[in-house]
Amino acid sequence: MASNSLGRIFRITTAGESHGPGLGVIIDGCPPGIEIDIDYIQHELDRRRPGQSHISSQRKESDKITIQSGVYQGKSTGAPILILIPNEDSRSSDYDHVEQAYRPSHADFTYHKKYGTRDHRGGGRSSARETVNWVAAGAIAKLILKKEGVNINAGVTKVGDLQLNAEIDSYDFIEAEKNVVRCPDRAMAIQMQELIEQIKKEGDTVGGVITCVVNGCPIGLGEPVFHKLHADLGQAMLSINACKGFEFGSGFEGSRMRGSQHNDIFEKDGEVIVTKTNHSGGIQGGISNGMPVYFRAAFKPVSTIMKDQNSVDTSGEEISYRGKGRHDPCVVPRAVAIVEALTALVLVDHLLMSKIYSNFQFSPDTNMD
Amino acid sequence: MASNSLGRIFRITTAGESHGPGLGVIIDGCPPGIEIDIDYIQHELDRRRPGQSHISSQRKESDKITIQSGVYQGKSTGAPILILIPNEDSRSSDYDHVEQAYRPSHADFTYHKKYGTRDHRGGGRSSARETVNWVAAGAIAKLILKKEGVNINAGVTKVGDLQLNAEIDSYDFIEAEKNVVRCPDRAMAIQMQELIEQIKKEGDTVGGVITCVVNGCPIGLGEPVFHKLHADLGQAMLSINACKGFEFGSGFEGSRMRGSQHNDIFEKDGEVIVTKTNHSGGIQGGISNGMPVYFRAAFKPVSTIMKDQNSVDTSGEEISYRGKGRHDPCVVPRAVAIVEALTALVLVDHLLMSKIYSNFQFSPDTNMD
Amino acid sequence: MASNSLGRIFRITTAGESHGPGLGVIIDGCPPGIEIDIDYIQHELDRRRPGQSHISSQRKESDKITIQSGVYQGKSTGAPILILIPNEDSRSSDYDHVEQAYRPSHADFTYHKKYGTRDHRGGGRSSARETVNWVAAGAIAKLILKKEGVNINAGVTKVGDLQLNAEIDSYDFIEAEKNVVRCPDRAMAIQMQELIEQIKKEGDTVGGVITCVVNGCPIGLGEPVFHKLHADLGQAMLSINACKGFEFGSGFEGSRMRGSQHNDIFEKDGEVIVTKTNHSGGIQGGISNGMPVYFRAAFKPVSTIMKDQNSVDTSGEEISYRGKGRHDPCVVPRAVAIVEALTALVLVDHLLMSKIYSNFQFSPDTNMD
Amino acid sequence: MASNSLGRIFRITTAGESHGPGLGVIIDGCPPGIEIDIDYIQHELDRRRPGQSHISSQRKESDKITIQSGVYQGKSTGAPILILIPNEDSRSSDYDHVEQAYRPSHADFTYHKKYGTRDHRGGGRSSARETVNWVAAGAIAKLILKKEGVNINAGVTKVGDLQLNAEIDSYDFIEAEKNVVRCPDRAMAIQMQELIEQIKKEGDTVGGVITCVVNGCPIGLGEPVFHKLHADLGQAMLSINACKGFEFGSGFEGSRMRGSQHNDIFEKDGEVIVTKTNHSGGIQGGISNGMPVYFRAAFKPVSTIMKDQNSVDTSGEEISYRGKGRHDPCVVPRAVAIVEALTALVLVDHLLMSKIYSNFQFSPDTNMD
């Protein structure tokens, strides 16, 4: 059934396959009067683009967008915005040999069983090519959030066994944009890059973790009980291809702690109420509390490896299969832009939701007096 | 805005606070003809009930349900089912001293800021008392799933630093129901129980992890791209009070691995296609592949501790606060029933979704010939 | 599938049958801080109540509500509000003779075929008893709207061939509440009452039309293209039992007119832009324009008549059937409260939607400069 | 907020303006394996196309579609289908004189007030150009319905005062496709055509009514209580530009009748249960009963007339305004294709919903034994 939409107020609906004519996303619910900065959207797409460095897939896509609707004289009108992104360099012949194969840990088997048919070329709809839609739409969400003072930064904090153990507030996100791994620490970035180069040479792949930090998130975003801010963020992250886990604040590590260690003590910082520690990850009871929101998303190694593997084909025969085509040895450097985009989409949806009661005569502020 | 519903085909909408007259849930979309076994629903509620052991909260609630609608002569009619659960033992006076306090790591501050008002008694809507609604509705979901051969079992696999390291298929879920911790391993259960007793004595609390395993899940559940099976499971788990993280299959550990280690090789088991390993956690491309589905949810330590803590009150004054009332030193033993219930709600929703194309003349089976 | 919810921001989800223990409605998305005036809710339910006059059904229901949640110290908290209304005077034995019958123009046949089972007592879920949920929830919606200056009035403008031909702005809605027919014209009310009494004596029933007028509706409610204000109003009205048609503004009559007659000329009334005529019914392009919103809903005659009719039973046998029990000879006098309630539910949903962009820095007002 | 989607299982989301680069629609939830017959889609678009006769707008649009996704080797894959339709002949300069004007009975005023900005060219998003999206998507819905034996036919049954009074089952829908008015009666078609020609000559416009008949609709479509089949049809019809009213079965006329006249007596036709009359319009209790479904939609006269009219501009000045550009003197002949398309979209959504319980072990059929 219909399942290609994310969000309720600011909602995206997406379409497109890896090797079809192109991708497309309708952004429904964008407020009117937003300046739609095409260069910025393109810049965000460049951060996700294949071929951006020697450690990413060499598929050549310019990802030049076309806006079909919803923008007039450079600004959003309140009407739905349809963005198109063409596929320019799909080499479908690279996939001829997998037309009948169920590639290990790919979605070939499940798509075939679910739909009875599939577009095998480049993984069809299951390809991460889809994420260009998210990054394009997320760029508009980011433009809105920036005006409201909300800033989103993600970086690679783990590749294989290499883990950045620094405090979150010491992350250098300007540095992250300078190195090909997008690690917010220069020394660690170099190690990670060497590891990825080595693994690529071996024809293998490796997983990693992305940490995302949101500064300036206003108090009050998140809707109990089934649209808690972290639950919506989690669902969004888990929608990314290869994502295997999500945790916010203290996360899995928090499960080892005592209440007396874990509790975030409230205190005053001038007139503002803050917490001494931030194990809550900026979210309490599903609602943002004004502290930085942060979370981590875990990614498995890319399934396509340049090594022989056994498998089964659509007729049930056992086969040997080996990856061809252009693939990433490690997906996390390019996934940074995707993580930020989805975060922006979730936040702008909740930000607009929170406006429902503002300027309303029964608003919280009125009642607090 | 409206945010108290979960599911699309089989959807629950919930209401109720910790210290109001009671809780209520409307189950909309339950198929007709389902035998509604009240004893079974009550049994599930008993697994979640406070006061069930010396290591859980001593609040006394019988949680006896009343069914208001949607059931006729013991069977569902297809009309919405309204279930009521009363609050019998709410001691609101236990909360008089927190009426103006923002308790550390509770939702007091965020609810107050978001809504401008709050029912402070027992945490009001932010209380885990809400989860009786989920367990009652989840019991009906489980009844449907059982008839379709789907079995859901969860157990406590970590408390503080005590972690069960056994293979998932060696978990003894019958044992889990026999010990007060609900750990699927007898020896570990004893250690965990001792730890929780010790922590309780100290007036402190501790976190933990629950692992859930689904056997018999049919191939094809999950809807790309924004209702992937694991994304919907993740959102559901992250809706549980105190849940800080979710991972499925190899999870965060998978991010350390190479593709050549992580890939699940397809092979034949008689006529059935299975995978040699199950790092995918039974889900590939967001769709179940017929292997066991498994995932883990991490819970932080309960915020209410019987120790003095500093905080701030609603007027911005710094205060000292100490927990009163009846609370769990560790939430995971009781949360096992909640995890199973939400899992059942997500699965039955996807199971019914998957029926949309069955018996349809353009069904997958037809096309595969 | 789940289909018992109305609205998106302010959403109701309902449950209950005619002869079960009672009805229930969850109002999700009610803003915090609303004074919940129980007397007012009860007053609205009294307007819908059976037994209120000699020309309505003689079933005796006090319709005394219980609020289970979402209200604290007399005000809404932002949490979902669960309202319960008991069934006190269901005489199920009146329906023993129809357990196997498909009553003409009732929902017996279609419910049985769709669900394979049904609660035949009083029509079960298909009964208009369900509308107590709507009136209770609608009363809260009306309380919110009144504070914003929006007033909703409906009245009976047609019974059988008796039609009130006065101009809409001459309707006397104070008078409408004084006569048993709820016609906003005293002279016509007397004629209508006599007609209904005559028809009741014959054991027959008759249809009618309700006209609803909304004054004070702010400019800008309604969301193109699939949630136009009149489209949402139409869907709501067509959800009422026995409703067969909906028209707004000039309606069906407008289809006979020329553009030069029908167009509503804009002009200034002081500083305000108004229209000279109001064939648009206060809605242009799906969005309210500040003029009074008005529409009509047509109701068929009640299907239960005290006369012999042929029919078929569940085993396919042809039978003769005659109505028993307590029924309305004409449904429109009681349906006035239902029409107003649903109108309020649609309007409050759109009113809250319209707040999304207010107080937003990219708001319409800012951009108009 | 997001409001440009219709349907829940088979859902369309649309975008595009009258004078932008083009229109686009994403069809989400189309079952896999459907043969996507482009010629048929194009044929349906031709029935809606401007310039198809001398009594329609002379704008020249080929409406040649491009399918971007969701179709592989001529069949649907289950992935979302994105269809693009370009704007080729938008003469925006025709609208230069209305940039500041609020045209009478158009959406200029309300869009401007709601969004603070608008694309004035050709009415922007409020233009009926949007309906190409609906017709393209509706053609695919029709293809699915045809395979299931469901046939939808609409025709013009009223223009101004000229009303076709024949019985519905005597309508000649083959004839309707042969005359420029699309009236299912040859003699009446000639009269209607003459009337429209006369009105066009006068620079005026006229309204009309379309009647739609669905044959072969299976029993059981429609979801009480808020997605009754006729309520969803009503909302869809009222979404069409210029639609002012909707009635099904006996409709407004039914409100004049007695129960003893109006009730549809059940009887056997061989083994099938049918009704003697069909005042119910094939829908009882919101659920289809197997009889033909029929309804009527009323359309106001087109607002753009070639005559001087007074109005007000955006600065509040009173102005005189006269229509320019290419417009329809009567919208109903072209709206026939739109009515059929939306009907198909609503029906296919409900048809797929009804499949949820089919092939389910607790299905209605099982329970009826």
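In this document, chain identifiers A, B, C and D correspond to the written order of the chains, with residue numbering beginning at 1 in each.
Convention: contacts are C-beta pairs under 8 Å (C-beta built on N, C-alpha and C of every residue); 3 or more make two chains touch, one makes a residue touch a chain.
What you are looking at is a predicted structure, and each value in this text was computed from that prediction instead of being measured.
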Task: Farthest chain (mean CA position) relative to chain A - done: C
Open item on the list: More than half overlap in residue numbers between the two sides of the chain C-chain D interface, or less? Answer same or different.
Closed with: same
Task: Gap in Å, rounded to a whole number, between the CA centres of chain C and chain B - done: 38
- [ ] Averaged over CA atoms, how far is the centre of chain A from the centre of chain B? Could you give it in whole Å?
- [x] 26
Task: Between chain A and chain C, centroid-to-centroid distance (C-alpha), Å - done: 45
TODO: Please set out, as single numbers or ranges, the residues of chain C touching at least two other chains.
DONE: 1, 3-5, 8-9, 14, 32-33, 75, 79, 114-117, 125, 224, 352-353, 356, 363-364, 366-367
TODO: Flag every residue of chain A that touches chain C in the complex, lowest number first.
DONE: 8-9, 31-34, 75, 79, 144, 147-148, 224, 352-353, 355-364, 366-367
- [ ] Could you pull out which chain D residues touch chain C in their complex?
- [x] 1, 3-6, 8-9, 14, 102, 104-107, 109-117, 125-126, 130, 158, 160-161, 199, 204-209, 219-220, 222-228, 230-232, 234-236, 238-239, 244-252, 254-268, 271, 273, 275, 279-281, 284-289, 298-305, 307, 309-312, 316, 318, 353-354, 356, 363-368
- [ ] Would you pull the chain A residues touching chain D in the complex into a rising list?
- [x] 1-5, 7-11, 13-17, 20-24, 26, 28-29, 32-33, 66, 68-70, 72, 75, 77-82, 84, 114-119, 124-125, 352
